[in-house]
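Down below are the structures I want you to see.
In what comes next, chain A is part of two complexes: it sits with chain B in the first one and with chain C in the second one.
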Partner chain A sequence: MYDAWKILVGLAIFLGLFTFAFWMNAGKAAPVPEPKIDTPEIKKMAVKQCVEDKEYMRTTHMQLVNVWRDQALRDGNREFINQKGEKYVISLQNTCLKCHSNKKEFCDACHNYTAIAPYCWDCHIVPPEEPKEEPREESKGNES
Partner chain B sequence: MGVKVSLGVSLGAVLAIVVVALVGGEVSALQPVFGILVPYAAFAIFLVGFIYRVVDWGRSPVPYRIPTTCGQQKTLPWIKQNKIECPSSTLGVIGRMILEVFAFRSLFRHTKAEMASGNIVYGGSKWIWLGALAFHYSFLIIAVRHLRLFLEPVPFLINGIDLVDGMFQIGAPTLYLTDLLLIGAVSYLLVRRLIVPKMRYISLANDYFPLFLILGIGISGVLMRFFIRVDIVGVKELAMGLATLHPVMPEGIGAIFFVHVALVSTLFAYFPFSKLMHAGGVFLSPGRNLANTNRAKMHVNPWEYPVKIHSYEDYENEFREKMKEAGIPVERE
Partner chain C sequence: MSMDRRQFIKIAGMSALFGLGGKGAFEFLRPGALEASEHGHGVEYVPEEPAEVAKRWGMTIDVQKCGEPGVVEKCIKACHSTHNIPDFGDSKNQVKWLWQDDYEHTFAGNENSYMDDRVKELPFLCLCNHCDEPPCVRVCPTKATFRRPDGVVAMDYHRCIGCRFCMAGCPYGSRSFNWFDPRNALNQKEYNLDFPTRMKGVVEKCNFCVERLAQDKLPACVEAAPEALAFGDLADPDSSVRQILRKRSSMRRKLELGTKPSVFYLV
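Up next, the complex of A and B:
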């Protein structure tokens, strides 16, 4: 081979870049997240059911929440009727987070795993994790 | 091959892959084949094939300097040399290669011939350069972004790229600018081949196939992100399994995911055998990577051997008597 060392260095860089993920992980798989649904509100429910079915919520909740935001804040319509015809109030704070009061163990579990940084919390206040804590003053007037 | 046959063959091939993956993705017994076996095989073919092609080029001798010179060569001291376009040193070659690899310098020089009032006129045409630049850089960013599915923890830089790419926060999940750029640029490259008669004339199935394939990858990816949602946690579990060499096949990933993976696998496996190898070839092209030292240095052909010569003097010595007999004049009696 002509100019062998130059070509070999180039090929080594090529191999290094394309197998980056293999040697960065070094054979160790991170545990798959299991979002927890053992909050007091959910435990009280007879039928553990979100606003839509589990598979839909798992894959499409971000689009639903986005539609909710537009509907509630831009159209002023806070009524949501799901595929079964049940009515819900459109509110992140009072509907979603009422049951899923454990952001760290629920939302963040998958979002961190898949490197997603939703901008919900640019406007919304992150709910206090410990229910014993006094709710902060600012959060009282916040309906959404 | 006519344009209809070329188009039909390449589009048909891509659609066949889509259909096979759609059907296979629905059958749970076949999911490990499409999710694990095919990607591994395609990636192995890509790595081995790429290295084979580069080594093969490396073994081909380039005995003489054949750089394409696009500027004043090094000459008398009061004539200014163009050190990038006609480099005479390794540093100049490095500068030239950086411009070529990162900014597609030779495409920037692209000209277009047109008839203007009976005369042929050449003028600059930057659209192909702009389209190629948009396409390659958005593809690069998209590929790097995908590392978030193959790495845990995800490096800071990849999160940063993700954030900038989705900076307009349109919809949820956020719209990526590079998705729009990639599909726009590939569509431009495809349409250009189809509507410019000279381009259509020189285009073959192996020109159309990668375009359809990459367009299919882009469309299936966009569909999966914005329209036909899949379980992203399951996708990452699969990707992490592949990257840690402990493959697992999580349940409940939608069939569209297998279409995307099948098309990407096809791209990987097809890469070393196709024109896409220009990615490696640009580094080994003697028209770019050699300094113009044709006259400044002596270049000896490595397989040169002493040529057997027979001078006129020897010839005359051999045939002098016969030449005299036949009346042919001789230089020495």
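Up next, the complex of A and C:
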């Protein structure tokens, strides 16, 4: 092999650059998010219970919300009956966010961690959070 | 690599077999798995059968009563605050759910040459007519706008791609495009938190307050001015609107187009 050391050095530099992102961030894994459920509405509940059980909501809430949207909007059926037979009104703004009024600490915690940006909030309004956090991120594009 | 005809046909045949038989092969190897991933993702929902007696929502607008000061304004205000409708301050970007126009434009083609001054000056409330044969629904390529069994022509903003075919299709100008983010022209403190806003790039229009009808409430404009507007089931001969329509003569907009509007103007 001609110019072996040149090739090897080149390969080493290439591999170094190629894997830059990995070794640069090695050992700096973002902490696993812990979505908070300490909103006033949830604190009031005797049994802390979402529309379905926790594991189901954790893995399937996106599909559930998708089904909800078609069911409520397209079929006009705004009643959800969960696996236990309990009834809920289908509404992202008025049912989900009524309890989970802390979007930043609840929704965004995992969504940011997994780097997904659902477009729910382009239209659906996030209720104003606790007064301490008055300047919300939404207000940046709001001139009037 | 060289290939003779025999080899080529063998390979092409096998490829075609696997290509065409993709779904079948899936079903053979993992029965039900493909179907499950296509529909519902394990969340079960079966749409209900439509109710046996389909209702037909309709509205009557008393033109004389609308001529009284403040009536039109309070209807529009109620509608706009209920549905978070932005006011960009110019007619080009106006978002119209409920708006006012004059006789000449509301009933274009029906105007007399010598109209009396009173009618000429009257404000006419305009809104989506929730047609029986809605042209907007026919032209929508994504079924983002659709006619519900109760006659309401509804919008699914999740599906709207902003192509504006429906705006071209609607003969009443009842649809508006969001050229800008509507939140820029809304006061955040005045949001109605029970209803979403829209986003930039979708078409919007009056929804006959379906979200209020679902709670057995009247539309916001009817609630604001019950003296001028009435709302009810056109399919029920004893409903409020049918009783009114039996007593008063009425007009509908652009009947000649065959859209069969469900908004009646009482004259």
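Here are some notes:
Keep in mind that, in the parts below, the second predicted complex is superposed on the first by the 115 of 144 C-alpha atoms of A that agree within 3 Å, B and C clash if a C-alpha of one lies under 4 Å from a C-alpha of the other, contacts with A are read in each partner's own complex, and residues count from 1 in each chain.
Simple rule for what comes next: a contact is a pair of C-beta atoms (placed from the backbone, for glycine too) under 8 Å apart; a residue touches a chain by one contact, two chains touch by 3 or more.
Just so it is clear, the structure is predicted and the values come from calculations on it, not from any experiment.
Of the two partner chains placed around the shared chain by superposition, chain B is the only one that A:4 touches, whereas chain C remains out of contact.
Contact comparison for chain A: of chain B and chain C, B touches the greater number of residues. In the overlay built on the shared chain, the residue A:60 is in contact with chain B and with chain C. Contacts of A:74 after superposition on the shared chain: chain C is touched, whereas chain B is not.
With the contact threshold set out at the top, residues 60, 63, 66, 119 of chain A are in contact with chain B in one structure and with chain C in the other.
For chain A in complex with chain C, the residues that touch the partner chain are 60, 63-64, 66-67, 69-71, 73-78, 93-94, 119, 122-125, 127, 138-139, 141-144.
Per the touch definition, chain B reaches chain A in the complex via residues 46-47, 50-51, 54-55, 58-62, 147-154, 158-159, 162-163, 169, 171-173, 229-233, 236-237, 240-241, 243-246, 250, 252, 254, 280, 283-284. Within the complex formed with chain B, the chain A residues making contact are 1-4, 7, 10-11, 14-15, 18-22, 24-30, 32-33, 55, 58-60, 62-63, 65-66, 110, 113-119. Across the interface of their complex, chain A is touched by residues 40-43, 45, 47-48, 84, 146, 148-150, 154, 156-158, 181, 183-188, 191, 193-199, 210, 214 of chain C.
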